[in-house]
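Here's the structure, in structure tokens; my notes come after.
Chain lettering (A, B, C and D) follows the sequence in which the chains are written, and residue indices restart at 1 in each chain.
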Amino acid sequence: MSSEFGKILRVSVFGQSHGKAIGVVVDGLPAGEAIDLDALNAFLDRRRPGRSPLSTARKELDTPVFLAGLEDGKTCGAPLCAVIENADQRSKDYSELQDKPRPGHADFTAWAKWGRNADMRGGGHFSGRLTAPLCIAGGIARQILARRGIHVGAHLSSVGGARDMLFPLHPTKALFDAVAAKPLPVLNDHALEAMETAILAAKESLDSVGGTIECAAIGLPAGLGGPMFEGVENRLAAALFGIPAVKGVEFGGGFSAAYGRGSQNNDSFFIENGEIRTETNHAGGILGGITTGMPLVLRVAVKPTPSIGQAQKTVSLSRLEAAELTIHGRHDPCIAHRAVPVVEAVTAAVLLDLLLEGNHGTF
Amino acid sequence: MSSEFGKILRVSVFGQSHGKAIGVVVDGLPAGEAIDLDALNAFLDRRRPGRSPLSTARKELDTPVFLAGLEDGKTCGAPLCAVIENADQRSKDYSELQDKPRPGHADFTAWAKWGRNADMRGGGHFSGRLTAPLCIAGGIARQILARRGIHVGAHLSSVGGARDMLFPLHPTKALFDAVAAKPLPVLNDHALEAMETAILAAKESLDSVGGTIECAAIGLPAGLGGPMFEGVENRLAAALFGIPAVKGVEFGGGFSAAYGRGSQNNDSFFIENGEIRTETNHAGGILGGITTGMPLVLRVAVKPTPSIGQAQKTVSLSRLEAAELTIHGRHDPCIAHRAVPVVEAVTAAVLLDLLLEGNHGTF
Amino acid sequence: MSSEFGKILRVSVFGQSHGKAIGVVVDGLPAGEAIDLDALNAFLDRRRPGRSPLSTARKELDTPVFLAGLEDGKTCGAPLCAVIENADQRSKDYSELQDKPRPGHADFTAWAKWGRNADMRGGGHFSGRLTAPLCIAGGIARQILARRGIHVGAHLSSVGGARDMLFPLHPTKALFDAVAAKPLPVLNDHALEAMETAILAAKESLDSVGGTIECAAIGLPAGLGGPMFEGVENRLAAALFGIPAVKGVEFGGGFSAAYGRGSQNNDSFFIENGEIRTETNHAGGILGGITTGMPLVLRVAVKPTPSIGQAQKTVSLSRLEAAELTIHGRHDPCIAHRAVPVVEAVTAAVLLDLLLEGNHGTF
Amino acid sequence: MSSEFGKILRVSVFGQSHGKAIGVVVDGLPAGEAIDLDALNAFLDRRRPGRSPLSTARKELDTPVFLAGLEDGKTCGAPLCAVIENADQRSKDYSELQDKPRPGHADFTAWAKWGRNADMRGGGHFSGRLTAPLCIAGGIARQILARRGIHVGAHLSSVGGARDMLFPLHPTKALFDAVAAKPLPVLNDHALEAMETAILAAKESLDSVGGTIECAAIGLPAGLGGPMFEGVENRLAAALFGIPAVKGVEFGGGFSAAYGRGSQNNDSFFIENGEIRTETNHAGGILGGITTGMPLVLRVAVKPTPSIGQAQKTVSLSRLEAAELTIHGRHDPCIAHRAVPVVEAVTAAVLLDLLLEGNHGTF
């Protein structure tokens, strides 16, 4: 029940949306790793709102201040701590919500757990804003991995009914570099238009729309992870479900594989340049919880933003009676595209943790 | 990288398919809990093969022997250990496989990790057989939960293209009791026939077919779990991906919710008998990682059995050259139906762990 | 290998002595707990240097700023983060030390682990200064415990050869309140003088002196903890060895008990007001890793401050040759008395963690 | 609150003294490690009772049966499980104890935690008998370490007032080999006689006597462990306090250092064959939680066996009134000498865990 994940590399996130600051402690980073702060800020920019009509008009500058762990631009072995001050707080927008839980939000469950003590202004500790410190941690991990030839990238694989999936499951670094440079992080430009249309249509109906994100890691060695409960899938899923609004995680063929046959889903082995590889990659780079050396491919389901402009039925917590609620303020009609770098960040942090832990198969 | 899960209740699984025995240690069980061994054996029977033409003809008696932790039929506070001897071992079936990894199996990754030291006869520690000790641990947890009004049940929600999903997401204990008594654990009898047909068709083509399993827990209090990384979804997913062949996990609306809109997916609150409840349950009983008190609903994707009778392309590990492999022996054309109690078992163990940990929201 | 401890209550410390700030994240605090900031600052004052000739002349204001987790003076369920800015940094004092590891310090091992990347100015992340954030976390835990009738106190049980031990092991809250108000936290005033003399004598010889601290918790229920590896002693010791300079931890009779006989060490049971208690308390309130309900009593050994003014033999790391080192700057001739509140803090945090985890013996 | 320890290498102990069997699961062992079963049995012999008048007359054959994880005498990557059947159970000896907790034993706290459900026959899960599976796990770890030039040895450093301490703290493998071959594991033969006398004197008075054990590991690289809470001392102490009857743990100079001065306790660095070493080793091979590369030296305090033949004052749990208790049956007048290999075992398991985790200082 905590806001931390990781075994060797521990990532601990803190902050509430409308508190003084949000931040992250990253414990276990190897020393001597140079952090490219410009690249890190560019990475953080990818999740920042206020950049297009597809997102909320709120502005967040989100410039991290490093309190510890970074000396002369390099990690020094001690835990790293970065904080982001909360500036643009409009707490008045949220006053009514203290008594009327927003459907689809954690307002009700925070009350069930913490009573009236919960600070739920702006979503409190459950706010999507907490993904900014996650991106700091994961953005650093992503740089460290890249230096070792391991590249983590993601793209928006669907918005509402508009889909844009990887096929085959053999992505390249160049592909993801191209994706990251687009206004919406998509593979195919024709998908971009369909997705924009879906988001704007939802916005116009005072509604929101969900999406899915496909993420891949290229360059992982075979043999990471292990059987059963601390395998690669277990650890990635445990962390990915920590991203607000994620309701599903699948690897490789995932649910689609479950609707098909073994002869289609099994990946044949072959030899390429003296290396054992598979022709297809329905396994998503993982067999028995252990990496195969093929690209790791996963998908997460992001539910539609629960904050919508339509009037909704709720209850008054204090009077235990029916109530109506209309959420005002600025909200994202879709958060899936902004969650793309967050999925990369969490994936990168978990993979660096696994790499630091090492193979341990033999000694 | 271990075969354990849990925080207060620790479940540690050991054994290889063709070793001397398989078993489980369950540490952290409360003392004084009577275990109904007949009910436990009936639960284990639900995953046992050899009961119908839909499964392998291998016979496993799977009667657990309790070495520790159980005195006079009750837990005594000390760790519980149960073992099952391995009897029906046909190691000769597997000799060729030592050099030719089976596509879709962990043979290759076990070799990448452990080299020739891995004991992969019959799948070794990755074998579906290891789900028997999981069912002992989870079957015990399920009894302890039931005594407190919390019921965990599951059903086969699809086999190949034949689907049979819960709708709405408001299952009852009676529903699951009825499901468990059927030859295939389905909700609707018309689905039973379609699923049997799909399995037998796969068998006839020397192929296999995947499936999905829907699992629910009824009677959970609101307020269990927490935000971000140790929430209910995180911990369930981390454990569920430990079941061999699981490639996807989703909660409530899951991936479907990601294809829709917020106005459809948000669950309106209302008051029923003085309790706050939601009209729909697309959240699957979890908001912000914390239980809402509505039924917890999750789904897992089980890939098609990788062992199929058709000739497949693989490689020789020793000679690093292409090879062909035809797997002989007795194999399940579908494992999803046998995995139904396993999903219940893992879900029950994680939920008991969360309950033992308590709410902690206030003190 | 991390700067965190705890299971339900996670305490994560960050910062380097001469970095931008030091701080702590406390994850898992129950919501709704009022924090008395005046009392907390008074607690922090007890470890602060610069208050007497017995300590370093460095000044640290150490006023914590709360970035998260505290709203209107109460915990809100989200992780708490507090930071203390580093103001009085005299980095020039430490420049020579980069190449010449100080005997008895972590300079050499930090270099062995992190190479030249380690930020060891002022001891870096190993500095006694990092005990300030520990005292914030533990000071909060101590207040929460006190509200439930559990009081944690400690005193200086020896400095050099001057001893002042509890006898019998039945301390009271009043005793520790009196101790905390004294210039040196001692039980008996005649010990105060002997200890002051020992510290000043060491100071005069450009030397330092070690000490021991005895800590007790009064009011704990019986039944906390468990057998073997996560018992009360295991968890306290694991955390207490995290305090810089601690080289030994013992409970109840400890090493003295090991020099004696069973008939002396066994604590007879008797009934007092309907409660089962023991006449003596050589067990220090713990039998089999589980609390007895008697006062928990432990002792830690604090080695003499390794920073001494005398010339010492060391090596040059860059030239791998013998070198001499004279440490300048302001240093504590003894740190044991300043460590008294730190031992209380760590003990309180571990005990609150155990209490939050609950008994779990029965369900 | 569990019977497990370790991070990469997980050791999970199960069993009750008078249950069906006791055993251990070791998860995370590297594959391909040959286990010399004769050497392992010889190691187990060192803790076995019934070999001399200094121990109980109970006989335990303690031959481990390996259920999993060992194939053709080598580890195979899967979790290892070994069990020892309980044969010589005289449950009748313990019947009176169910109502009258033995002073100094866990009978009372087990009752406080688990009520009448606890199986405390022969000490149940708290019995010293549970150190046999610990020795299996640690004996295996010790072999794996030895193959890499790391040797773990221990000796009886005191029994009652008779002491026999290492000086200086520079032990060798040859020293410990010689110790292990003696009837009592002592350094100096003149100590042997004094210790035997102390044990026999206690036995004659129907009493018992405590002891201390000094353990060392030679050949560790510098740089293992880390600052604060997961350092080498923290992890060793957390595990060592899991050995029944251990009430104190200290490293290097330990409590003695706390009674002295910095100029005596600091270890000067010097260069020997191009390696940085220290002239003395009061740090016990650890500075700042990180290994120095010098021998790791620790000491544990073992309290006098609480089972003594004299009449003792206790209470009736059922009637809540004073009672007298005379413990019959066969008991050890001292357990410290039998605990010597147990301390080696636990130390070896923790050190192998640290080695598997790796240095991680840089990447």
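What we mean here is this: a residue touches a chain if its C-beta (ideal position, glycine included) is under 8 Å from a C-beta of that chain, and two chains touch if they have at least 3 such contacts.
Since the structure is predicted, the reported quantities are computational estimates derived from the model, not experimental observations.
Of the two chain pairs considered here, A-B and A-D, the higher C-beta contact count falls to A-B.
When you average the Cα atoms of each chain and compare centres, the chain farthest from subunit B turns out to be C. Here the CA centre of subunit B is 38 Å from the CA centre of subunit D.
In terms of their C-alpha centroids, the spacing between subunit A and subunit D amounts to 45 Å. Subunit A and subunit B have Cα centroids separated by 26 Å.
Shared interface positions of subunit A, i.e. residues touching 2 or more other chains, are given as 1-4, 8, 13, 28, 31-32, 77-78, 110, 113-115, 117, 125, 227, 357, 360-362. Taken together, the subunit A residues at the contact with subunit B in this complex read 1-5, 13, 101, 103-106, 108-110, 112-115, 117, 125-126, 130, 158, 160-161, 202, 205, 207-212, 222-223, 225-231, 233-235, 237-239, 241-242, 244, 246-255, 257-271, 274, 276, 278-279, 282-284, 286-293, 301-308, 310, 312-315, 317, 320-322, 336, 357, 359-362. Across the complex, subunit C meets subunit B through its residues 7-8, 28, 30-33, 77-78, 144, 148, 227, 355-358, 360-363.
If you check the complex, the residues on subunit A that touch subunit C are 1-4, 8, 10, 12-16, 19-23, 25, 27-28, 31-32, 65-69, 71, 74-81, 83, 110, 113-115, 117-119, 124-125.
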